[in-house]
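The structure is given below, and queries will be raised subsequently.
Chain naming follows the written order as A, B, C, D, E and F, and within any one chain the residues start at number 1.
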Amino acid sequence: MIAKSIRENLQGMWSLLVGMKVTGKNFVQPNITVHYPRQTVASLEGYRGHVELVPHDKDPTKSKCIACSNCVRICPNSCITMKAVKPKKKAEDKEAAGDQSEGKKKAPAKKAKPELQSFILDYNYCSLCGQCAELCPTGALRFSSNVYLAGFTRQEFVIDLLARLQRQAQTKGAPNG
Amino acid sequence: MAQENQGLTFPFADTTTDEPIVDIAPVRKILDICRAMSLWPMTFGLACCAIEMMGFGMARFDSARFGAEVFRPSPRQSDLMIVAGTISRKMAPLVVRLYEQMPGPKWVIAMGNCAISGGPFVYKDQYGIVEGVDTIIPVDVYVPGCPPRPEGLLEGLFHVQKKITGKRWWPLPQTAEAN
Amino acid sequence: MDNLASENLAWIVLFGHIAIIVAGGFITVLSESLVRALMGLILTLFGVAGLFFLMAAPFIGLMQILIYVGAVSVLIFFAIMLTNAWPGGDESGNISGKKVIFAILASIAPAVFLGSAALRTAPPSIFVPEETEVRELGRFFLEPYILPFELISLLLTVAMAGAVILVFERRKKK
Amino acid sequence: MNLDLRLDTSGDFYAQKFQPTKREDTLILNMGPQHPSTHGVLRIILEIDGEYIVRAQPVLGYIHRMHEKMAEVMSYPQYLPNPARTDYLHALAWGWAHVGAVERLMGLEVPERAEFIRVITCELNRINSHLLWWGAYLLDLGAFTPIMYAFDDREIIMDIMQRVTGSRLTYCYYRFGGVSGDIDDRFVSETREQCARMKERFKMYKALVTENFILRKRVEEIGEISVDTCRRYGATGPVLRGSGQEYDVRRAEPYSVYDRFDFNIPAYNDCDAMGRYLVRMDEMQESIKIIEQALDALPEGDFIHPKAPKRAKPPAGDVYFAVEGARGKIGMHLVSDGGKSAYRLKLRAPGFSNLSLFGEVSQGTLISDAVSILGSLDLVIPEIDR
Amino acid sequence: MSILTIYHLVAIFLLCIGIFGIIYRRTLVGIVLGIELILNGAGLSIMASAQLTPTPNELGQAGALVVMGIAAAEATLLLAILLVVSKRFKSVEAGKLVTMRG
Amino acid sequence: MIEAIPIQLVIMLVGLAATMAFVGLNAIVLVYLERKVAGFIHRRPGPYEVGPHGILQPFADGLKLVGKQIFTPKGADSFLYWLAPMISMAPAVVCFLVIPFGPHLQIINTNVGLVLILAFTGVNVLALCIAGWTSQNKYSLLGAARGVSQSVAYEIPLLLSVLPIIFLTGTFNLFDIATNQGSWPWQWFVVTQPLAFIIFFICALAETNRAPFDLPEAESELTAGFHTEYSGMGFALFFLSEYAYMVIAACVGAILFLGGFKGPIVDGWWWFLAKVYILLLIMIWIRWTFPRVRFDQLLNICWKWLIPLAILNLLITLLVIAL
């Protein structure tokens, strides 16, 4: 009885030493920390940041969006507000410049296509389900990899995606051109 | 607190703290830097974001590098309240109380969309949640996302440091987009 | 000159300790909060320990701290915590004047007798006592005075056993 | 300086309604809503006698997020992100329960590849959930290091999952009729690598924790829950299996392709916290077994049913679909009136039943043991409050 | 005034204030505090008498140690008694315990 | 003795200042060390960005704690409330006075050094009690109750494990105990008294409330235990005193069992510091490895294992000495 208990306790003490060996082994192994602001994680591929507009193939300041507002309707949290106007006469020129190459079903020449005026994402309400991007008939939405958002007011995250797109096009275009 | 619970509007939390005993500009500056470099968060998780908050303290992202290592369970010893998750109306008075229990100077990060605005749980006629923690306590930094990545929270921490000292101490990550 | 200075210093130290003891004593009996009273007691204990040091018996002084402060006062603290003897509850409130008078009378009586006795029959004393080795003390305990030493041990054992039995019985009844 | 320890007279509604026993030497202690060992915002009112618990009563609702109500307001696809947020640790199982119920009601068939993807991701998610539980449980017991090691593994799994699902935690991956994106070779190879790595890690976990003397003393013969108690409260999952009942929804009412895999259902007859601990540790290894089998047998094909409707609109009727989550049986009872949002959606949260045990089991234990029991139940409070 | 007298006066002071405390205090714990004061006075007196006179020093030190031993034993027992009393009478006020009933 | 007072007083005052500095320095080093070791065990760098490799981190923490709002809970006895951390800190400083750091580095060489340390470390319990009591918080009170029973219980095996050394050397004087041992490791008492050393070490862990015996401040059970309500300076002082007691425990252990400042080749304070820090590192290592024990287990270990073993060890030692 006593012998058994002593043996058990000795084994227990041994297990404690084994535990210390494990932590000791880990102590000498290299760190796995990503030193964040100086390094970033290897792969953000596939991660959903907030959505962003995909620039048009031809004109990087324009979006592929056709203002069908599918995304507005599917969004569970109604974070997307979209404003589009039906263009007057001059719409044809732009269409000719842009949309023709896209294999879209509803791009007949006659119909006046609404033009995107503003595309505002209230990121504060988004739950990143990704259904807007999935449902988009033209593939005009994608996920940004901007995961470093933080700010002093919540208005900072009401993002005007169209303006953002244009800004990006400019900054990207500047060094190149 | 219980009475306040009945009404649906919460009086703004009592944010008064004692005046500092010594208030000389250079001393204050040094103290501010020390405060910025040793922001001890409170172990206070509400929902999903709390797991990412744990990730923020764990080996891969390691908030300890910036002095935000010591997660204190008691609000008395913490400087930073990370509101990580949805605040239900039942919880709101307690969040206010926790905030008031922290001794000044203190800072609040609203982490995740739920804490910022109610996030995915806001719909017409919703009855259960507080739409934004900034309606009940003053918030210093917002970190959006659902849930934000630990990098986002680290950025939030840097923003708090920037707010305290008026300077960003660490470089911008290379992949951060010029927004 | 040097000697005089050190002598004066010695008196200052002595009276400092006495002042601590007096203050502690008054806090112990007069404060409304029992915890504060206990703090007063501890102050007194430290004062007495200091006097032991002055009497060149550091071992006894340390024992005083070890036993009284480390054990006895902690036990009393426990008693305060466990018995709901809240300050503002049991210990506060007016105390009848009669009781105070009785208390003062009862305490003055021995003071008068013993005090006068102490003053009248004061034997000549050594100003500089010499330190005893702990080893000597141990020998003293183990050779001529082994009986009292064993009696203390017995007393402590019995007290511990008694305490355990007292509290244990209550649990059994429940 | 007036602290009446016997009764929290200044307490709120719950503390006042909490009927203390007749004993007078007890004190009421509020554990939570903000307390390190409640993993969120659970509040437990304890009546303690010294260190012993006389009575314990959980108070819920501090993170009630109206999930059931939202199902009635939102259309079916709009509700997709919600289940992930009920139980954020095993988000995919909840998502599966939701899409499964809708699919069953609609009679929608899921392509085989999608089913396999679902199995793989769901099991990966289960490992993640158990790993977090493991770390957090040991944190409750006072060991700081295991949670760090658990997160090392978690981060790798999260990276693997993030590539296909897009998130780290609150996955919104399953769609009616399939999944939202296909897996690729990289996913397969990374998963295989991780499975091999995990096997090594389990050995380390065992040496560091499972065989640790102090831990064994802290969990063995603590919080014994009999099968009968489990039945009375409806406890499922590792709690029930830790009591010796080999009940697993994956085996009992097989859904998806689980009947094709060869895996054991770990069960321990000791009924104590150690039993529950071991069940979870074994379950992770079983999950790895399932994942490896699924990867081997991964068929080609669509990852989503080609005719899957974008806006699901199931016919009128009601359906119940259950899956095995990391915490137990997740059930979704969906009642539809044919509209675009559910008429009623009842979520059966396993944590709720598991928590209900606590009041009974914790009676007469030490506070430390209560923390140990609470941890061994593996609670996720938003799931309980829904 | 010899230094021994001073020590003795301090001891007497402790005795007096202890007695005062015993009568003045209303709770049992307060009374225990008074008793401790008296015991301290006794120890001090014994020590002083031995150290500052030609008496062997060990005698005084041993005496002081005995006093401490007694104090420790007494405190242990008193704690136990206090616990029992407070459970039985719901109070540790000395005035309420005069009934001598269980 | 009385003639000697002025000189001693001067030495004591200088010594006090020196020990204060030593305590402060040690706390800073230990905080840094603890966090770094914890970090490396977790495979992360620990404090890193504040100063090169984070060496300024403890300073930032300390200054921040000084700058925090000072706060007394409502209804607390504010005098006692703030007295508690000081009572906790003060004896620690006194204890350092009698520790021989090197052959000529000792502030007071007294014959009762060991008793002094044992007596003054016992005062810490009182601080714990007062802190728990005056905080007006049930968690604090429970933490204090735990702390008291823990330290009172573990004081007994601690004394019993120290006794064999006293029997072997015949003195309470720490300097003499150290010089009684030889310069080489096999001449230290740890070789002749391994059981006593293990018991002493376990008791030291328990007395200093270190994990796995950190029950008075058990985070997951009692939030922060007895110092739940302390903010700023109060918390800092408790923190500091915890580390100070750790250092004292390690110092005593080094002197009693590891030969103190004696070491191969040249004796000196370097050997002493090295031994102390090795003991401290083991303490830290243990903390980051094991779960916490339960309260009744803690007492069981003490009463059922440590005390009988210590008594057995003592008896065997006596027998050997007698023969």
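Annotations
One rule holds for everything that comes next: a residue touches a chain if its C-beta (ideal position, glycine included) is under 8 Å from a C-beta of that chain, and two chains touch if they have at least 3 such contacts.
Predicted model, so just to flag it, every value in this text is computed and none were measured.
Listing every chain that touches chain B and chain E alike gives an empty result.
When chain centres are defined as mean Cα coordinates, A lies farthest from chain C. Of the two chain pairs considered here, A-F and B-F, the higher C-beta contact count falls to B-F.
In this assembly, the C-alpha centroid of chain E lies 32 Å from the C-alpha centroid of chain F. The distance from the centre of chain B to the centre of chain C, with each centre set as the mean of the Cα atoms, comes to 52 Å.
If you average the Cα atoms of chain D and of chain E, the two centres end up 61 Å apart.
We define each chain's centre as the mean of its Cα atoms; on that basis chain A and chain D are separated by 28 Å.
Residue positions of chain F touching 2 or more other chains, listed in rising order: 41-45, 48, 77, 141, 145, 219, 223, 288-290.
Within chain B, the positions touching two or more other chains are listed as 58-60, 62, 65, 73, 120, 123, 146, 149, 170.
Each of the following residues of chain E touches two or more other chains: 87.
On the chain B side of its complex with chain A, the touching residues are 59-62, 65, 110, 113, 116-120, 122-123, 132, 134, 140-146, 148-149, 151-156, 158-159, 163, 170-179. Residues 14, 18, 21-22, 25-26, 28-30, 34, 37-38, 41, 44-45, 48, 51-52, 55-57, 59-60, 63-64, 67-68, 71-72, 75-76, 78-80, 82-85, 90-91, 95, 99-100, 102-104, 106-108, 110-111, 114-115, 118-119, 122-127, 129-130, 132, 136-137, 140-141, 145, 148-149, 152, 155-156, 158-160, 162-164, 166-167, 169-170 of chain C are the ones that touch chain E when the two sit in their complex.
Residues 9, 11-13, 15-16, 18-19, 21-23, 26, 32, 41, 43, 45-48, 74-76, 127-131, 134-135, 143 of chain A are the ones that touch chain D when the two sit in their complex. Looking at the complex, you find that chain F touches chain C at residues 1-6, 9, 77, 79-80, 83, 110-112, 115-116, 118-120, 122-123, 125-126, 129-130, 133-134, 141, 144-145, 148, 152, 155, 170, 172.
Residue ranges of chain E in contact with chain C, taken from their complex: 1-10, 12-21, 23-30, 32-34, 36-37, 40, 43-44, 47-48, 51-54, 56-62, 64-66, 68-87, 91-93.
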